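Note that subunit A is present in both complexes that follow, paired respectively with subunit B and with subunit C.
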Partner chain A sequence: MKDSIPNFFNPKTVAIFGSMKEGKTGYEIVRNMLEGGFKGGIYPISQTNGKILGLKTFSDFKNLSIDLAIIAIPGSFIPVLLEDLGKQNVSSVVIISAGFSEVGNLKEEEELLTIARKYQIRIIGPNCAGIMNTSNNLFASIEVRALPGNTAFITQSGALGGAVLMMAEELGFGFSKFVSYGNRCDVDEADLIDYLRDDSETRVIAIYIEALAEGKKFLSKIKTTVSKKPIIAIKAGKFKAGKRATSSHTGSLAGEDRIYEAAFRQFGILRVEDIEEMFDLCRGLEYYPRINGKRIAIITNAGGPAVMTTDKLEELGLEVPEPSGSLIKTLKGLLPPNVSLKNPFDLLAYGSADTFTQVGETIAPEYDALIIIFVPTASMDSVKIAQAVGEIKKKINKPIFTSFMAGRLVKKGIEELKKYGIPNYSTGERCARVIQKIVWHTLKNNPK
Partner chain B sequence: MKDSIPNFFNPKTVAIFGSMKEGKTGYEIVRNMLEGGFKGGIYPISQTNGKILGLKTFSDFKNLSIDLAIIAIPGSFIPVLLEDLGKQNVSSVVIISAGFSEVGNLKEEEELLTIARKYQIRIIGPNCAGIMNTSNNLFASIEVRALPGNTAFITQSGALGGAVLMMAEELGFGFSKFVSYGNRCDVDEADLIDYLRDDSETRVIAIYIEALAEGKKFLSKIKTTVSKKPIIAIKAGKFKAGKRATSSHTGSLAGEDRIYEAAFRQFGILRVEDIEEMFDLCRGLEYYPRINGKRIAIITNAGGPAVMTTDKLEELGLEVPEPSGSLIKTLKGLLPPNVSLKNPFDLLAYGSADTFTQVGETIAPEYDALIIIFVPTASMDSVKIAQAVGEIKKKINKPIFTSFMAGRLVKKGIEELKKYGIPNYSTGERCARVIQKIVWHTLKNNPK
Partner chain C sequence: MHRILQKAKEEKRSLLEIEAKELLREYGIPVPNYKLVRSKDQIRGLSEEIPFPIVMKIVSPQIIHKSESGGVKINIKDEQEARLAYQEIIENVKRYNHHARVAGVIVYSFIPKQTEVIIGMMKDPHFGPVIMFGLGGIYVEVLKDISFRIIPIKEKDAREMITEIKGFEILKGIRGEPSRDIQILEDILIKVSHLVEENPEIKELDLNPIFVFEKGAQVIDARMIL
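Right after this comes the complex of A and B.
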């Protein structure tokens, strides 16, 4: 099953089953699909013919050609509907409706799967928040519409998915695909990763899991994926009460955390602690899929933040090595006398755009990545420094991370950095954490 | 010396020595003082009489009564100026100018101190970013003006101070006092803490240090302060290269980190990892100076985020205990059948304002603090939930922390929470980290 779930993300026609009253799930999905600009057929299925949001509704769907069905009707009606869809050869079904294994209704969920198998239907859900594909404006979900991007996010928890989408919107961070897969009675994280491995719009895969459906299947899919694109995982349910919480809300027991941790390490999955670290790492990996070694240089006009970043880099097992004798010699010729010729390279008040560029270009050959920490005074122009950093990036073939600190004085500078494809973080410590993970990923999954 | 540095923060008159050309330090400080609305006398000292920014400048300051002198002239001219100020009985001097011990000019710095001792002048600096007191609009600094608040922030690194002020502005977080003390040739962190202990506008003291001037003096001041108000410290220069970085930029060697760590623990100082954690903790402590125990309850409508928060709480040594049998009984009578009667209390789709209030008020007696994690769907009103949480707070005498997730859908809700004095964090994990530190602080410094 190389490509087991194709029609979920590229349907020509989507039928939505659910209440078409304003504010109800069915209606809100139709609205999201319309407002999102889906170009294919959108078929709201309603008991009475009529119109919603300018769209024709259908009470009879027997003559419709349906590539993807989104179901948000009460659970007890779903088996009959599934049978009907199966007879029409609909093969991709997303069940939003809740009330299955997550509240103890195991038999009811089993029944869905039995019908699906009979008709070769693939199901995402039940008890999920839907799916999105930003490249064709498919927003089959009631959640905030994702911006386009290159990270696919798949999540067991629908609520967490909603929170991630809203945070992403605020950050201006986009996704290629979004999948909330809920109780995963059929399609699971392994199937989704298998699909995303060959999805050309996805460069990074991020996943939230509480417990895996089938550990072996998951790991076998991981094996063939991590060398092609990085996989980031948030694994929740580590501790006693955490596990209890997991088991109460998805109806499954979390496995032993140490086993997961070991498997993740062995198979090259990047584990992160929380959503904020996930975003930080996704942004880093989208720009820089690899960092070839541990030697990091810091260039700054701000001593304190550079010290803290140096601490963090060393704590994480990275190196902040001194420049070589010949490099020191070259720098001496370039720089004002008081500038520090050590790593971190503290330019002090001499931290003009030109000095940043000169130092950056000069030291780059001796390091694997650069962190540039810039704290402007009220009279400094952060855009100029951003452009200088951008010029360094064009000339050297090494990853550059920045921390322009902070607030309104650097807002425009950070926007400028984006144009050059340079990820900015609120602190140098955050840069350090991202770099450590990318270095690990590179050495583990794609050594030279 | 109970109150050794009174005139720094409550001067009636301030003289500024420095270039009065637009964009230069002297001019920018005068502008900050004026725009900030300082009500006392502002005396720009300039070689030629005239006006800047509508203010009279003075070439001769011999007849002026000066409570506080701010110096930003080239270092070589400062000794003569200090002598003149000493003869006029000026006792409080802030030296912004750099070029002293931080670049190896130890003798020049020693000379400043010798003159200061001779005339009983107290010096903050040199090589610092100035001081602020928001209660009387004293902004003797070129940095962004702090908003008023109840945290005093003192920092060895001026650049870090600038970054902190800009981040704070963006967060809407205010300070009572801000002090960048630079090379601390005279006034050090111990003197400042001694002063801030009895400052009625300061409820929390936060400090950034790379190395202490005098460990014993510092710890003796801490001892008498921590039971009155919490002290939060960022201690940088932990590791080898971090230390090298420290020594290069302040001219002092960082002490062994483990000794600091042990002393901080023993003396009840709250150590944080970075600026972001510092802000999180300051906000928590301003609202809740104490949390009496480790039993934490989570109420949520979002399973995934609650699981992650539970994990973090347990990882940090806190407890997420089940409700008692009698509490379960009471809850059963109140709630719809599918709602989880475990901790975390997952209200699922039943998470209406009323349900949050009912559950919060009912369970509060069995727990030491509550975390409320709320993830709205697009149609939910976060303000209503915020008001419900506010009502819980009015009725129970326990700290409540919230994580309303995320972005524009909860923006108004978070503003509403502020009105009730409830601190909101971007994730439940952040709530957990803050709670853990406040619990530790309470048990260590102010047990019942």
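Right after this comes the complex of A and C.
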């Protein structure tokens, strides 16, 4: 079979089959492709020759060279269209149209696959929201266009995918690839991960799963991927009742979710509970693919948040160890006399930009990662502190996470942190959760 | 296919306890020395092979719930008691299910109750055979304090399965008690993984309970469903 998975993401020409009336799926995809700035050929296929959005529409596509076909026509017309595309040697087809296995029309979906096999076509979908590749402005989807980034997001649910894209837009978070794979009659999550493993634009893979197509195939692809790039998964359907017939004790205890949980843990997939945690972890991993150990230091100018962060770190099995004797000595020379020389390093009101930098640089060698908590006072400029933290990052080779608390007082500071590639979270506890998962990923998938 | 599995398959039944234990023994999984007694007469001289006190349990393909059927007697002190127990077991079982075909009674030395663990296997529709580990009794029944992995497992997986359950502290020894033999549990998990891989005919498996000592462990009861 032709290896057309890469072809899905790097087509020179894209044909869109669907209604080209304003507001309809076909039209909206064409608009998204145009506004997104796709440089290749965009061919709207319509029953009548004409123009939409300044583009020529085609009623006859027989003479067009099509690399990727996006189909959003009623399901009953798709088999005939697939046959035609097959005869034209089109090898990559995304079927947006619904009305297949998701509503019980198994035979209709089977028919699509039969035709696809006959002509060596690969299908993404049906019943999906389309695909995107931000590196070449391919937005073959009705959803809001993703910003460029380094996380690939693949999702079984199209609607959830759309929501994630909108949330990401608000956060300023970008994606390398987006794939809504819907009913996955052909291309499934395992094929996509196999492709993304070697995709140079993708540093982190995030996936939303309700149920896997083939567990064993998926795990075999995971095995060769997790040491190259982290995989984050949301697995929904936690409390779905198990329906298996069983007569053993073991069988009666093995709920579906417990097996997924075990498989993820065994094969090194990072499971997150919700979308918010997924974004948190993606942001952390894009900046810091590894954290080599569990020793975490907290530098703060506020006591309460640091105590809560310490509690969370320890609850998650990480350590907040005291500095060594010689480090304490060095710090004594640096800091005002009544600052405590313990982890968390509470700089109190003395927490000027310079003190943050000095302490950070000095303690970094004894720890695996730093959390810097900053609560502004009337006289303190969050941008200055952000720049100080940025300077620490330049000098030390250790991951730094920040929690600038909170709201409009630190808004500019957080913008500044972004320039230095430092992930900021609204609370230290969120930093802790991200760190714990990156440490686990490092020890499990990339031990030294 | 293994001859034991072949025979059971032909007879359209799951494994008898003695067959399951024979298979375990072939894979180097520790089971107490046992003997199948087919009549009261065979009890004469039994103490020379199986040190008393002993446990006696019914062996019949039709009897799955051995205790419930009155088919189990424990802590039997001598041959005299054993003959009475044999008689009683057969009578109880016949009363419980008069269609039950009795292959005999399995006997092995009685071991006072120890820390109990359970190891099991079932087949998941997505992931295939899955192995389970947990502490026995209420820890499994009530607290569901168990761990799973997809078969085959490596040593590291076996270790994680044991350490990730909450009851791991109990295995390590609480209130001054010595630690249980964790190494042998790892070893049994790996061997069960092999056994399951090499004998795909086994659909489900329960080793319950397994007694764990300071040194060593013994699989007390074993079920394998084809």
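Here is the rule we use: the second predicted complex is superposed on the first by the 429 of 448 C-alpha atoms of A that agree within 3 Å, B and C clash if a C-alpha of one lies under 4 Å from a C-alpha of the other, contacts with A are read in each partner's own complex, and residues count from 1 in each chain.
Everything below uses one rule, namely that contacts are C-beta pairs under 8 Å (C-beta built on N, C-alpha and C of every residue); 3 or more make two chains touch, one makes a residue touch a chain.
All of these numbers come straight from a predicted model, not from anything done at the bench.
A.B. asks: So, A:S426: does it touch subunit B (first), subunit C (second), both, or neither?
C.D. replies: It touches subunit B, and subunit C stays clear.
A.B. asks: Using the touch definition from the top, say if A:G215 reaches subunit B (first), subunit C (second), both or neither.
C.D. replies: second
A.B. asks: Have a look at where A:K238 lands relative to subunit B and subunit C in the superposition and call it first, second, both or neither.
C.D. replies: A:K238 contacts subunit B only, not subunit C.
A.B. asks: Could you tell me if A:A262 is touching subunit B, subunit C, both of them or neither one (first, second, both, neither)?
C.D. replies: A:A262 sits against subunit C, while subunit B stays out of touch.
A.B. asks: Which partner does A:L334 reach: the first (subunit B), the second (subunit C), both, or neither?
C.D. replies: neither
A.B. asks: With the two complexes superposed on chain A, say which partner A:Q156 touches: subunit B (first), subunit C (second), both, or neither.
C.D. replies: First partner only.
A.B. asks: Quick check on my understanding: which residues of subunit A belong to both its subunit B contact set and its subunit C contact set?
C.D. replies: Looking at subunit A, the two contact sets intersect at 244, 246, 248-250.
A.B. asks: Give every residue of subunit B touching subunit A within the complex, in rising order.
C.D. replies: 23, 28, 98, 103, 142-144, 155-163, 166-167, 169-170, 208, 210, 234, 236-242, 244-246, 248-250, 273-276, 298, 301-308, 310-315, 319-322, 338, 340, 342-344, 346, 348-349, 375-379, 405-410, 426-427, 429
A.B. asks: Which residues, counting only subunit A, touch subunit C once they are in their complex?
C.D. replies: Touching subunit C: residues 211-212, 214-216, 219, 244, 246-251, 253-254, 256, 258-259, 261-263, 265-267 of subunit A.
A.B. asks: Spell out the part of subunit C that touches subunit A in their complex, as residue ranges.
C.D. replies: By the definition above, subunit C touches subunit A via 118, 120-122, 124-128, 130, 132, 134, 140, 144, 146-150, 153, 157, 160, 204-206, 208, 223, 225.
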